[in-house]
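Here the chain labels run A, B, C, D and E in written order, and each chain numbers its own residues starting at 1.
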Amino acid sequence: QGTSTLQTVKDRGELNCGVNTGLVGFAAPDASGNWQGFDVALCKAVAGAIFGDASKVVYIPTTSSDRFEQLTSGRIDMLIRNTTWTFSRDTDLKMDFVGVNYYDGQGFMVRNDLGVSSAKELNGATICIQTGTTTELNLADYFKANNMTYTAVPIETNAEGEQQYLAGACDAYTTDASGLAATRAAFADPENHVILPEIISKEPLGPAVRHGDSEWGDVVRWTMNALVAAEEFGITSANIDELATSSQNPEVQRLLGTSDNLGGMIGLEANWALNAIKAGGNYGEIFAATIGESTPIGLARGLNAQWTQGGLLYTPPFR
Amino acid sequence: MAVVTEEPKAGFRLGMLIYDTRYRSITIQIVVLMLVMLGVAWLIDNLLSNLAALGRGIDFGFLWNRAGYDINQTLVEYTNDSTHARATLVGLLNTLLIAFLGCIAATVVGVIAGVLRLSNNWVIARLMTVYVEIFRNIPLLLWILMIYTIFTEAFPAPNAFRGDTPAASMVMFDTVAFTNRYTAIPWPMFDRSLGWLPLGPLWLNLDLAAIVAALVGGFLLNRFILRRATRIQEATGDRPTTWWQCTLALFGPIFLVLLALGTHLDSPSLQGFNFTGGLQVSNSLVALWLALTLYTAAFIAEIVRAGINAISRGQSEAAFALGLRPGRTMNLIILPQALRVIIPPLISQYLNLTKNSSLAIAVGYMDLRGTLGGITLNQTGRGLEAMMLLMLIYLIVSLLISSAMNVYNNSVKLKER
Amino acid sequence: MSEATALDLTARQIDPSQMKVSDEVAIQITQMNKWYGTFHVLRDINMTVNRGERIVICGPSGSGKSTLIRCINRLEEHQQGQIIVDGTELTSDLKNIDKVRSEVGMVFQHFNLFPHLTILENLTLAPIWVRKTPKKEAEEVAMHYLRKVKIPEQANKYPGQLSGGQQQRVAIARSLCMKPRIMLFDEPTSALDPEMIKEVLDTMIELAEEGMTMLCVTHEMGFAQAVANRVIFMDQGQIVEQNNPKEFFNNPQSDRTKLFLSQILGH
Amino acid sequence: MNTSTSTFVRTEMLPEQAPPLTEAGAVKWVRENLFSSILNGILTVLGIVVVAYLVIGIAPWLSRSVWNAGSLSECRQIIADRWGEGVTGACWAVIRERWPQYLFGFYPSHLYWRPVLAFVLLCVAVAPVLFDRLPRKMLWFSLIYPAVGFWLLWGGSVWVPVMAVAGFAIGYAAVKVVQPVAGTILATIAAVLAPVLWWLFLAGPAADALQSILPIALQGVRSREFGGFILAFTIGFTGIAFSLPLGVMLALGRQSDMFIVNKLSVGFIEFIRGVPLITLLFTASLLLNYFLPPGTDFDIILRVIIMVVLFAAAYIAEVVRGGLAALPRGQYEAADALGLDYWKAQRLIIMPQALKISIPGIVSTFIGLFKDTTLVVFVGLLDPLKGITDAVRASTDWKGIYWEPYIFVGAIFFLFCFGMSRYSMYLESKLKTDHR
Amino acid sequence: MSEATALDLTARQIDPSQMKVSDEVAIQITQMNKWYGTFHVLRDINMTVNRGERIVICGPSGSGKSTLIRCINRLEEHQQGQIIVDGTELTSDLKNIDKVRSEVGMVFQHFNLFPHLTILENLTLAPIWVRKTPKKEAEEVAMHYLRKVKIPEQANKYPGQLSGGQQQRVAIARSLCMKPRIMLFDEPTSALDPEMIKEVLDTMIELAEEGMTMLCVTHEMGFAQAVANRVIFMDQGQIVEQNNPKEFFNNPQSDRTKLFLSQILGH
């Protein structure tokens, strides 16, 4: 497309953000129609970075089958729909993944009374899977590698999958571990279900943009990095205004736009990161507010902790 | 005589393109054709430039790549190592299977409901009216979801059959188990199986072929017997009783073939998480089948009712007055006429059912839409190609069905003055 | 109706009273009553028809003429009284009904030919399936009657391809193929165009000349005068007057009859 | 008895008598309607058993209805408290709490009056079409209703719909101006060309200009905020309104003896009828953009409506074709002989009759279309049946509730579809006796 | 057919030869040929109709009478020869066709009234949409003609509520509302019951008395004798004989005419 995405978005005055049609914790409309969730927060941050106003986002629900077309056809500017970064998606489908906002892996959930403690014991089981993701392929590969058989019950949506699983229509429910946790948390009897220890795949979930518009990719990538960096530097939505004026840390100053003008290099205002962080807080705050342990989803940070705490979050330096 | 007119053959004027009946229709057609071609050219031009901008072309090569996913119901050999093309074939066969089963069941249910709706039994007629109205006026998707939910909610999980005092038990002398995943039923196995015959990419199951041959043979034999009865009737006036001969002809050959193949029933039994042995008919198939059947049957019932009503009372009265008994009247007079009225809309219901089976996705039945238009599309991202192929296949199936209908229509058209 | 045809028919100079009427009783109806729901449609019908009699039934619309005639071959069920046809009483006994129906032919106002069968098949259907006649023989009989109604060349056409008059003649032939001893006609000409009425009436007159017992609901007074030996006038489900045609037309007794006759002959 | 002695004259007419007992009253009714034969008796008993079984199965559940609760678990608690442990009951509280979502999706709640008003006006607009006793003048409102409805639902500047409507006025004016000068054909071309040019190039700027002079606007609402039954109604009714004219054109095309026009219509109709609607919807959501100039992006609801219209139009075309075929040739000939041209004959003579004949078919196509609006869920729109229900069930409060939402949605669909089918039956019976 | 009506008409004692016939040519047909596919339905038709002439066309069924008359206002297209109506030649030029059709009124066997419009709407439709007459004026004209055909009180009924004869008179009035200079009738009475034929014929006779140019396909010989100043007999697509009614009926020349006359007058 002729003009740059950033310019298009600025002209439009709104960011079209492709999200899940409804996955609690990541992206789902609440009863009054406001979108909430981990993915949604990133949309808000990007909007904050560009416009200084986190509300200038249009959430476009995408299904697993139409999400890539929505992006390549330009109807959405960025896709942030718990989408796994894979080689073929990055190359063949002409998309650019700009980073990973959640490190996930596929796991299994079973009932306690099934008496299974390892995925290796699932030979012959009936397994509910949500179609249209990488899960089918992982599942097939895993069972093949372990020389086991299974019956797949393909399910269109998570809600349907839960229902089937709870009604006992399948022995195990498989999807990304984050999703399993979220699902289990909402059960009436979470204690009767276990998530098996095996994580059978790497599922780096991240935002994707169209291939060939690196400037726009940079905006999204560095907005995300800014959130991670903010957590690393202890910048929170509570103290950010104070730090913006008083922080002596040069990197914090650069990040918040008080020195240098990093924003100008990617075509944004100087205080872009400040606005991005203000939109929903830093990575840790967002995590805690949407999917963290205090929420019904109750996910631990795990791999998604800062590198300083043994996790994989590691942002390149802002300079 | 003051005739103010020009010779018709006099020179051609431009206005004649519009005001002369000879040229007018040609003019209009050319304009329409040009507009349509312009439109199509515009679309194709957009398509090409869009694809060029994305750096993609139309490429069906993905069909020959490894599919990588499993399908829970396969009528032909399929593993996750098979190609996407094969997955498409599996999906197509699943679509055809549900369409076939649905059409048969819907016809049976629909005809019964339609006839009962005309019955003079007040309770039954009302009941059928309620059934027809309820099913016709509520979206099919809702029926599919509801019936599927009933299945998952109402039947026990397979592990309920486990243990010394199981919560659930099998029915029909421990041969059939209804679970919330599938219905496990006994299935014939052959001791002296004939094996498989390779035919290109597909394998022909010789057992199946033998059974089909026996069925067809029995059918032909039955027809022969009926023909013979007609011949005898024509010659002597008396029609020999044929019902036992027909029964023998219809079922004899298949019985012999099954015997020859060493058939025994393989009953399902619980092993591990699930039943093994026999045949497990997945609930998604059964629920979808039931929903499609009941929904379409409601429409068929109306068609049947209208068809029978369309035959005037005078026809049966005339037959009665000639001394024909009601049964004969039905067979010789009413049915042949009603069928002419019924069959064309019936076939378009078959078409609808086939197309509606694409809602299988709602219950995870892997039909054409679920494989080619679902997982394959998602995995390869080839939306344009997959959708075009999907439409093409549906279109071909539909056209085949409707051309069969046209052949039939033309063959039974009533001769008029 | 069309006076032309009426005149023409009488011009044939058949004297109805000359035609043979035997003493044998063909149809005997005694104190017959019928209701549709609560509507009393036939009231105390008493009637005897001798073999060879040709009876015309007339009366205003809704007076129960069709119902009466349809009771005779049990297309309608009566609730009280007796109907004896050719010695067989009509009860709900299926065998009796079958027997009566195979003795009695019926021709309807709207022909009721079977549109999916050829003329020949229409004619042979009942002989083959009810009388169990071999097909060949049935076809010969059929062709005989087709010749009699003067349309043998139409044998392999379908009813839809024939004119109304031709169709009605086929309907008569179809009844005749069962060799009935009694023929019932329910307004056989009232659905026909005027030109076609004549050809059907001609066929019926021929039948009458051969001594067939006939009951005919019709308003063709020309026909009544030409062949009937009795005219029955019905009103409100009752037989109001009954007389030979001459008397009936020239000297009606009841007021209702007079009124009725003035209406249909008036114009 | 002898012929000559058979003279008989009734002097006194017999009075009507009551039928014998077997012919009337409840006894007869039961005998005839329930137990007229053994088979019928069995069927009756069977029917009663089935009904009883269903009632016994469902009635207790229904009788234990809870209307006030904040979540499913609360609901279950209430049922357990009230009717004892282990029994099940219906939890209508979910409908009570979420009905705005079922009706309006995520339409801003302070603007609910707009869709409601639009719906009321829709009834007003449709009334004169449905009931011909109403004054014909009301049809003018029906004609401009699409613009009114659009403005109420989506909001924005009033001048956009006004300018859109102006296009039709311009087309009409073009005919009036061109016809006397250049004849019918050119007038027709002008009638098509002028509004199209207007819509493409002038309407937008004109609306902007007027808006800046005389700003009248409603708060804009985005398509994405549509959901639930307003989505179903919007798609359903727009589909109905636009598929009818298109279907009529296609039917005329298919009846035409012009080879190319005929074949194009046939090809289009057969193609659309040959593929499932769901694939067309996917085309709308996935592929349409490939076929449009790079960078165009238009509303998803609009795209879906276009597909639904095309789909329904193909079916309507077949229905109308049946109606056209049922008209006697004499009608065409009489119109010709009176000097009416093709379009006038179609408009004044043929279509009014053909459409009347096709009403049952048209209405059942509409019912189908309305039911099919539930399929938009597969392209990510929040239809009432699955879209909204899934959204409701995704919330922690109402996780695990199945029947109540389905029954609620099903009941509303039934109400409307059944209403439509009854209306068509009313019309059919009315037309049967009409003008007789 | 019905001799009663025929007699009645002649009883009016109009002498057709007294009615005015001008020398102006209204319709001129020269060497006209028409085929349906390969079937040669009209052969070398030559015919001149002067203004004010009243011509009756008769002939056996299938002889091409309807086709001929339908060619005159181009409901059918001819393939060879010339048809000039009121100075306008019928070619494929739409303007000429429009012109001719607005000069020529046509009445069909089956009336072809528009069942969805009231009688008044039927009558005003063409004046309003083709002649662009103001509605009010058109309605006045319509009422005038309705009075003329003697059914002004039916103006607001629908065709289905009228009897056949009334419907046919409405059809005539409908044509007249366009103020045609020539009227074509295609068996206007053959779908009517005998009682109704007279009222339609009366209307037509009145029209004839006013000097309307009329071409009428009919078998009503009474009508022909009463008003026609020429009778044309067609057979097998050709004009076989043409004469004034008196000569035609009393002294037919061709054998075919004799045969035909004997058939229709015979019974």
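The rule is short, and it goes like this: a contact is a pair of C-beta atoms (placed from the backbone, for glycine too) under 8 Å apart; a residue touches a chain by one contact, two chains touch by 3 or more.
Fair warning: this is a prediction, and the values are worked out from it, not measured in the lab.
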- Distance in touch steps, counted as few as possible, from chain A out to chain C: 2
- Compute the shortest path length in steps from chain A to chain E over the network of touching chains. 2
- Query: If you average all the Cα positions, which chain's own average lands nearest?
  - Reply: D
- Look at all chain centres (mean of CA atoms) and spot the one farthest from the centre of chain C. A
- Could you state the distance in Å from the CA-based centre of chain B to that of chain E? 57
- The distance between the C-alpha centres of chain B and chain D, rounded to whole Å, is 27
- Just give me the whole-number Å value for how far the CA centre of chain A lies from that of chain D. 41
- Item | Cα-centroid distance, chain C relative to chain D, in whole angstrom | 53
- Which chain B residues touch at least two other chains? 19, 50, 53, 149, 153, 361-362, 373, 383
- Message: Where in chain A do residues touch at least two different other chains?
- Response: 1, 65-66, 69, 73, 163
- Where on chain E does chain B make contact in their complex? 25, 28, 77, 84, 87-89, 91-97
- Item | Residues on chain D engaged by chain A in the complex (per definition of touch) | 73, 97-98, 101, 105-109, 222, 224-225, 282, 285-287, 289-290, 294-295, 297, 378-380, 382, 387, 390-391, 393-396, 399-400, 402
- Message: Show me the residue ranges of chain A that touch chain B in the complex, using the header's touch definition.
- Response: 1, 64-66, 68-69, 72-73, 88-89, 92-94, 114, 122-126, 131-133, 136-137, 139-141, 144, 150-156, 163-164, 167-171, 211-212
- Message: With touch defined as at the start, can you tell me which chain C residues reach chain B in the complex?
- Response: 73, 75, 98, 101-102, 104-106, 108, 110, 112-116, 125-126, 128-137, 157-158, 160-163, 174-175, 178
- Message: Using the touch definition from the top, list the residues of chain C that touch chain D in their complex.
- Response: 17, 21, 25, 33, 35, 37-40, 43-44, 48, 50, 53, 79-80, 229-230, 235-244, 247, 253-254
